[in-house]
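Dropping a structure here in structure tokens format, bear with me for questions.
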């Protein structure tokens, strides 16, 4: 599903955030991406939906070469991928409901299927009662859950989540993990999740990719968080 | 693009207009104020242009008839002048009429000449194109029974120079003003869109195509253009009618006239309306484009 | 406020000017374009006002002297007219001179009157305040040896009406333009500041006082005002000098004159400069204020 | 140091985020604020530096009544408090260095003491090498650490931190906790910290205030995170 070959990424300011990444992620896999702050996890993830372009190397998502992809084609790839952004990226002028619905309007889904599906996912993340609120009226964790709801609303082939539980209490986090588990197991959705949550990684075992200084330093099936204190 | 998406874009554009409250107000009021300026100055300039035309058409030549000419040859001369290419208007002035004129200019003392009028008959002639007056005068001067043709040589050329300069300057000013207006409005729209640059980025990251992002912005631009042209149009229409009602009776019988409201006001209103819409579309379109590369 | 803080504010204001790149450019260019408009129209309006004054001062009355008056009483009349309150200029025209005038207006045929000139001596009189012409004419009419005073009654009043209307309209237009300019510029500045509303909020939350937040914004406004007035000032100064050099020789000896560049250009430049700064300060100050309540 | 009496907070949209809070926090105390997502932790914290005003009730910080405080006086209270915001609130046009320095410029500190102190705290949070970067060039965790650096740079009497380790890996989190521990123990700084990090709360024992639905449901000295899964 996702295939990176020799991917380098040097930002304009000279920081090398990916220093030769080689990764293959099969359809239906569940992958944790771990590593210290500033290791390059988000960069790794951003390259998968072309928020960032690699300086060199090749990236394939569902068979499409993201590096040579024309700008016009980018939206179509992105529609296969649901993204939970580390900074949420909610549209500030739209309500919770509208934010989630937006992802469905983009793919020109019929109105009534939008209504049903949005209500459904908001319920899933426990925000049905806040559907009419604006993002500024939400707590940090609630905003994060809106971002999660939006990422799964279209039942994408891949969900990429950048620290989706960073602002959530453990209980809510487990709830979200169950949502991911369900779509992974029932719909066969590929899930890539950058996280600092040791508990989760150690208790729900999946493949773990550890990144440090832009390099993959560990890649274990059924791995653990590591970095014991 | 599916029909429901088009409907969605319309809905979206109205919603954003409302939710951006302050920004919308700022853009619309920039459009309003600028178009008001344009409307007022276009109205003034078109009328000044009219005044220039009137002044120009006031230029005439005076053709003195030979004293020896009898009635028949005078009529013949009149016909000949009338048929001269480039002549628009010929008015006959009898010797008595000329004398009256002189008395009114130089005092009643001259009344004594009513008995033995020393003056000649004359024709006051206007050229169809006033700037051709000199040429027409030359032609008429050749006719038999023409004693002399005078038209204020020197002065008239200066007047034409002045009017031509004024007209060119007016055109340049109006074009500069239109350009300025376009610049100011699209500048304002652009800033409001820059402020929404992050939103555009998010939409793109969530999978929206360029046109999906752009269409609501362009629609918004259209609404803002329409909203912003309402007040200027009303102001120019009612203001001008008011002004016309005030000025027209006072100018009745004068050589300078102002433009009647119809079709003048249709033209100005149309200009303002389409300018508003055009700049709205253009400003939005160009500004959004910059931020679509996400 | 400590001196180092003042220094910090200056540093900060320059830094932000640079870092806000695009926004700064948008604001400065709005100031530039608007002041350019103001400059050009103020220059035009002041010159049109001058033209109106010139036209007004062209109004004169013609005083016919009694035929019976001998040289001494004519001179006495001239002196009396000169001493009449409100009289600015008196020019004597002999009978010969009057006749020449008449011949040039009504044709050479009148040359035969050179032997027995039927015309009167006359004085051409201008009132200090042209709008008082009628009153002055009445006074002079009473003098012994005055035969008649004519000044184009009716026509002159119409001219004054027209000029007064034009002057009022010009003043209204200039004020409207100034207001529009202020509005457009401060509108633009305000939008750029609205876009930085979050930044202002953060500053306040970190413990900045209102003045600490505001001073750099106001300084930025000043720099933008100054930057934005440079091009308009240069354009008006050089453009007007160019225009003056073109027009002045052509108008030499005419009744209409344009304003000499000095002190006119100092006034217009000063106006643009201080307008730029004033609006910069005012726009920033008012816009920031709205967001300080955090 | 902080004293809340019968504090209610109803937001404009009708949500009641504080439903009668009564709390006393002594100078030099270290307090965790825990609770599920949307419980009212951030609201509780925002009222301490008057980002939000309570609908009713009284709040005293260092003897000042925040409710009756004039707008002009607010900055002076805020200067006694260092805040780590849940959403970081960095000034986007300023570099990391300038962001931290800003808090010192506000109190009109001398230039050389600014230079020394900013370098020092950036070192403390491990960002010395990123001093010249803009916030947009930082990873999520790095931004969070800038916010932390800024909160302590003036050696305030109180540090209020809203989920300061939400975007940090465990190792970096422990480093930050050490910084807080040091200023708490050595400078006697009062620390109020909202957190979802069970590990930290359970391993570095301090007073725990648990909030749920705008109410304090538990207030234990040397408490635990609770909410076991």
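Things to note:
So that you can tell them apart, the chains are marked A, B, C and D in the order they are listed, and the count of residues begins at 1 in each.
Criterion: a residue touches a chain if its C-beta (ideal position, glycine included) is under 8 Å from a C-beta of that chain, and two chains touch if they have at least 3 such contacts.
Each chain and its UniProt protein: A, D = Cell division ATP-binding protein FtsE; B, C = Cell division protein FtsX.
Here the structure is a predicted model, which is why all the values come from computation and not from measurement.
The chains in contact with chain A and with chain B alike: there are none. Centre-to-centre spacing of chain C and chain D amounts to 62 Å, using the average Cα coordinate of each chain. Inter-chain spacing, taken between the CA centroids of chain B and chain D, is 66 Å.
The distance from the centre of chain A to the centre of chain D, each centre being the mean of the chain's C-alpha atoms, comes to 28 Å.
Taking each chain's centre as the mean of its C-alpha atoms, chain B lies 23 Å from chain C. In chain A, no residue reaches two or more other chains under the touch definition. Judged by the touch criterion defined above, the protein chains form a single closed ring in which each chain touches exactly two others. All chain pairs that count as touching, in label order, are A-B, A-D, B-C, C-D.
Touching chain A in their complex are the following residues of chain D: 11, 13, 15, 34-38, 41-42, 86-87, 133, 137-142, 145, 162-163, 166-174, 196, 198-199, 225, 227, 229.
Contacts from chain C toward chain D in the complex involve residues 1-2, 4-5, 8, 16, 19-20, 199, 202-210, 212, 293-294. Taken together, the chain C residues at the contact with chain B in this complex read 22-23, 26, 29-30, 33-34, 36-37, 40, 44, 64, 67, 98, 101-102, 105-110, 112-113, 118-120, 148, 158, 161, 173, 176-177, 180, 183-184, 187-188, 190-192, 194-195, 250, 254. Residue ranges of chain D in contact with chain C, taken from their complex: 49, 51, 71-72, 74-76, 78-79, 83, 85, 89-93, 102-103, 105-108, 110-111, 150.
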